[in-house]
Amino acid sequence: MGSLLRSRLFWGSLAGLALAAAFPLVGGPYTIGVLIPAFYFAVFAMSWDLLFGFAGEVNFGPTFLIGLGAYGAGIVDARYGLGVPLSVAFGTALAVAGGVALALPALRLSGPYFGLVTLVAVLLLQQMVTVFADVSGGEIGLSLPDVLSIDDATNYYFALGFMALSGAALFALSRSPAGLILQACGQDPVEAQALGFNVAKHKLAAFVVSAFFSGLAGALLVFYYGTASPGTFIDIAVGVQIIIAAVLGGRRTIVGAVLGAVFLVVAGEVLRPLGQMSTFAVSAVALAVILLAPAGFLGTLLFRRGAA
Amino acid sequence: MLGLQILIDGFAVSALYGLGAVGFTLIFGVSGVLNLSHGAIMVTAATVAWALAERAGAYGGALGGLASAFLLSFVTYFAVVRPIQRSRSIPSEETEIFVLTGTLLWGIMIQVAIAYLATTSPHTVRPLISGVTVIGGVRTPTNEILTAALCWAAIGALTLLIERTRAGKALLAASVNPRGLTLLGFELERVHLLVWAIYGVLVGVAGVLLGAFLGASSDNVGTLTASAFSIVVLGGLGSVPGSLLAAYCIGYLETLTAYLVSPSLRNIPALILLVAVVWARPQGFLGRR
Amino acid sequence: MTLKLVDPRRAAPVAVPPMLEVEGLTKRFGGLVAVKEMRLAIRPGEIVGLIGPNGSGKSTVMKLVMGILRPNAGRVSVDGVDVAGWPSHRVARHGVGLVFQHSRPLHRQTVGENIVLALLPDSLLRLVADPQVERRARAIAERVGLGAVFDRRPATLPFADLRRLELAKAIARDPKVVLVDEPFAGLTAGEVKDFSALIASFRTENKAVLLVDHNVKGVAALVDRAVAMYLGAFVAEGSAAQVMADPTVRAVYLGGAVQASARREPKARTAGPPLLAVEGVSVFYGKAQALDAVDLQVREGEFVSVVGLNGAGKTTLFNAISGLVPHTGSITFGGAPLAGLSAARIARGGIVQCPETRELFNTMSVRENLDLGGAHLPKSDRARQLDWLLELFPILRSRSAQAAGKMSGGEQQMLAIARALMMKPRLLVLDEPTLGLAPVILEQLGRALEVLRTTTPITVLLGEQNVTFALPHADRVYVLEHARLVWEGPPARFAEEAGRAYL
Amino acid sequence: MSKLRLPWAVGAAVMLPLVAQAAEPIRIGVIAENSAISGIAIPNAAQVAADEINAAGGVDGRRIEIVAYDDHNSAADAVRALQRLSSQDKVQAVIASYTSEVALALEPWAGRLKLPTITPGAASDEITKRVHDDYAHLKYMFQGYLASTFLAQSVCDAAKDLIVDGPLHVKTAAIFSEDAAWTGPLDAGYAACLPKIGVTLLDTIRLSPDTTDFTPIFNGLEAKKPDVLITGISHVGVQPTVQWANQQVPIPMFGVASQATSTTFWKDTNGAAEGVVLQNMATESVPTTAKTVPFAQSYIKRYGVSPAYPGYTTYDAVHYIADAIHRAGSDDPEKLVDALQKTDWTGTVGQIRFYGAGDSHTNGMVYGPGTVSGLFVQWQSGKQVAVWPKGVAGDGRLVFPAFVKAAN
């Protein structure tokens, strides 16, 4: 506990959170609207970082889990009118099941092979949504009868609170004894096994936790937008953004992913005058960060002496 | 009749898939790089060929497309891949994910630039030969035959290069054992340059042919990269014959599905096959472990 | 099994059953038999050395015991329970610990946290740190000598401390059986003493300890018994002295009795200026020192052998010469410094290395391998050189179209040498050409080297563990031990001055 | 750069009081996919209309300002843009998207934010049906384009005159449409109206919008031997047309093909468009109304290309929004919606009116002679030649390339 109070990261995060909480007092309604999805996005990126940075699994398909959560929740709400809480619970459960399904090949395959399976999982999910358009709304998207709230401030604090709680949970997990074991499993499975850790069990758990937060955030985001479409929740481009956010913020930091996600969304807004070229500029900045400061924002701040 | 039609159509599509994937697998075999800007470079070749064709004619356009892919291939290597490989602050076990992320971002930049300069609407390169040829009662665009022939000519040229020239042998040797090649006095750096040059030509030809055969848009970038990636993994990472075999498997599977089941389900069986093969035989058809 | 050869000073009472007992252990990789009917037993409180040269299968045995590999047959019983084929983590939970040679600690965690990791139960639900654990970790750190660096990150530690950390992790698990892979590799003499003391302390805790090493000498002072392996099978067992004296073991390491005199007189040319001059060269792998201020010369036309056991630093020395590893000190070739040249440039300049690992292009044919070797020669030279080499190694002519990887080990070695010779080297660097080869092949290889030496003006730098093979050809011999050159002289004086100390 | 900045700043300072003296401007938001040919026509045409109105003194002395956002054809981006237009830019009305998926995603938000929103190109009947079903909440959404059902009807009407009663005597047809929100009702409309004009429907192909290789589809259709392919494509266009021509599919293409409405289509397809017959809202050479050609010409003068179909409807929308604000005499969204519903405006595409709350196409553009009936053109030698309705087509006649069987 003492180390927590002495940690720069802890106080920095707290300060960031306080700033974010005070932001609606100064920020315009639009900037608030921009930040709301950014907060959910940050949870996606943090969940991805748990898998990549700690369990050592390169998941090219974060949107497989997110999409299951989002569509799971959206479909039961739109078709059976379950209401927000039950639908979110259902979507999250579906995502967790998807996480387990994804963990099975992960335990067998390595490197690019597992990466490809995750990519294919996304493509298959996208195809399923298109093929079963009667249920899913297909490419057209699914409109929901319910939304979380139409009030920006409510949505903002809900999203901020959700992100803070998820971040705290994921961060605490990563620093806990179980997180230490997970990191050992990700870095050197052979040595971790020789120390008596059941690598399969810990990796499976990491997939479940990552899927839980991805799915939950996906389900909540669906109820913020009030619609679900493959382009918003499943498309590979969305997954790419999440990976870039996590790498930009700093791998293996969990909290860095928040910085990366907020940076991507805010930079996209700031560069909007560039029109279509704003995506170009954001990608170029991200590429430059990867080339020049591969530890990412937070990684560079925290581990300046190259102890990556 | 239907059988022959499937045979012909599948052949051309598969040849195009194969050509696109061969360059991709060659780069991986020799330098261990999975280049995720692959699709973007292909579409650049097609778009440049289309844009130049008006002023420079069909051949001039095709050459221009080829040159643009060649150039971009080197830019990809010098500006993205090599700095990551040489970076001291990237731990060696993470080079792979950094190369993947870096080339992905680079691909997005190219894609956005194409959309900005030439819109997202697909463009078709003027075919070198128009008209149709009837093969056994099946009316086939002559351009389709030409596409298949050019693909195989390019693959044949590559085979000759690898099998018959010293530089080609060195390339092959580098994919088997780069250290051994260094010990024999070959500069690996030059071998890498050579392989990126070959890649540039292959991907350029594939892009221009794709533009003439099916048309290409900046929206296709992701699909093209994903399909090359899948074919290469299916065939066995780094194996050129494996990639060709896989390209034909996927090409025919898709064509069969499109003809016999439904065009809208075209991709699904191939995806399932891919998952099954990766699960049962992760090294792919002809891959080494 | 019988334990006749136990050192009576340290032997535990015979009534105590073995803590670790290995019987009939067999492991095949495809067609290759890596371990064949291996047997081994260690009682509580006993330290046993498992020795064998590179490729003898000793590391495979260790991995089979740990469960990292699954055996094809045989029994591994730990404390009376057969754990053969169990997954690694269950074997570990059952009481087996492994000290890895190359440490890979968690870099973002402190030394303390790394030790804490080893103390944790295999539980998903352990979310809050137990203060008890922290206290134990600190005690273990003190015991292995890491107390002062408890809160530092591994990246800032010297090499020896990283090894201590590995040991600390093994201690933390409190295993009944401890396996230690190359306990002293890369350590200084002082550090070796510390480590020996730490490992010896396991004896009082009644742990069964297995030290895996290249040679008996390194572990002789520490072990109660040694077991020698060769080509995947049991060779000898007994006290360290007995194993060292065992004729089979001596044959394995030295290639038979050390010949007291070289068959040939030193050439007149040995007096000329050095073709290759190595001065004060040191090499570090990370924090481990692999070569310590080595000075060595090779003159034009000379045949120089560097002998030393596996791990002494021969390969590192050759790689430094070939420009494959960064080093300090200076290396000049034909009077010109090699610093700054690429490895390929050095090879084209005339220093051609035929490495221990051979580095053949396995999927390509014999002929293609040879052609690549001659790629930098003018066409006519290439044809001539090829003809000459096919005469020197006739077997390669008949195998011309075969894939290099499909040939036997001896044939591959000949191909590797021929491929290096295709480059028309001024200096041929031959690293461990005899590794894992049958005696009949050694004879052929020896004849070929003899032909080479007598019919061409070639200069050779040979690295060998097999003294019998290395000496007859040599004009001069260096002995490399623990990263340092310890002896230099003509082969005739080797047996008397360095031979005894060698094994 | 810095040298330029100073005079600019001074200029702005001088201008400021002038602007401030004028009445509060009318702000109209525009959301579109800027990298698509059809998409970019929306902000461009809106700007043309706004400049025209401003040059003529504005609306009751108020200038019109266009605030444009690129949605990359993503529902999420569009929703975000709509929120920004409402909360930060405080626009009075929005013209948004030519994609039904996006328009449908915006619809509930238009209701929640009480922001009158007009789509100038999304055709799904679902848009207006939802307004009808939940009028109180969704009445802010307008469809400033023909609904799919009406598009289908106009295709049947034109087909009857041009290819059934005409010299071709078409008896059978197959539907070739993409799998998207707007083609559901379109296909249903085709299936309902084709038999009424004496054409038997042999097959319906709904292709994935991701399709790049159309060969199997054309071959499959050809095996069924229909006399005509009735199209319903928007996301695809260049690729099927080029492959149709390269493969020399002997069946004419007739129907809705949105990409083909742009004049750049000829170059994008390298002339493969020759002989394609398509529905268009208006075209630069045909005076559908007196306003059509002048608008098209000023657009071409400004942007170098002719406006794609949503360009015409967007231009009209800016005008009738301005008209509605003038009639409402207020920016209040309720009053503006009322005024918009009473629209009766002569635009570039015809006489524009909206169906009332009682009709199932509530707030949808009225289709039919005397209102908006669409226009049929055929690509001939690089030009769109009007062929239907007779009144505007003049002597335009169908000419098919040699490989099309129907030509003989």
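Of note:
Just so it is clear, A, B, C and D label the chains in written order, and each chain counts residues from 1 on its own.
Keep in mind that, in the parts below, a residue touches a chain if its C-beta (ideal position, glycine included) is under 8 Å from a C-beta of that chain, and two chains touch if they have at least 3 such contacts.
What you see is a predicted model; the values in this text were computed from it and never measured.
Listed by label, the chains touching subunit A and subunit C alike are B.
Ranking all chains by how far their C-alpha centres lie from the centre of subunit C, first place goes to D. Once the centre of each chain is set as its mean CA position, subunit B and subunit C turn out to be 44 Å apart.
Subunit C and subunit D, compared by their mean Cα positions, are separated by 76 Å. For the pair subunit B and subunit D, the distance between C-alpha centroids works out to 37 Å.
Along subunit D, residues 35, 179, 208 each make contact with two or more other chains. Contact with two or more other chains is made by residues 115-116, 264, 267 of subunit B.
Of all residues in subunit C, none touches 2 or more other chains. Listed by chain label, the pairs that touch are A-B, A-C, A-D, B-C, B-D.
The touching residues of subunit A, counted against subunit B in their complex, run 52, 58, 105, 108-109, 111-113, 115-117, 119-120, 123-124, 127, 130-131, 236-237, 240, 243-244, 247, 251, 275-277, 279-280, 283-284, 286-287, 290-291, 293-295, 306, 308.
Taken together, the subunit D residues at the contact with subunit B in this complex read 33, 35-37, 40, 179, 205-208, 210-213, 215-217, 219-220, 223, 237-239, 242-243, 246-248, 259, 264, 267-270, 272, 403. Contacts from subunit B toward subunit A in the complex involve residues 34, 80, 83-84, 87, 89-91, 94, 96-98, 100-102, 104-106, 108-109, 112-113, 115-116, 222, 226, 229-230, 233, 237, 264-265, 267-268, 271-272, 274-275, 278-279, 282.
For subunit C in complex with subunit A, the residues that touch the partner chain are 66-68, 87-89, 92-93, 97-98, 100, 104, 106-109, 113, 116-118, 120, 122-130, 133, 153, 155-156, 169, 173.
Looking at the complex, you find that subunit A touches subunit D at residues 28-30, 33-34, 37, 130, 133, 138-141, 143, 147, 150, 152, 225-227, 229, 231-232, 272, 275-276.
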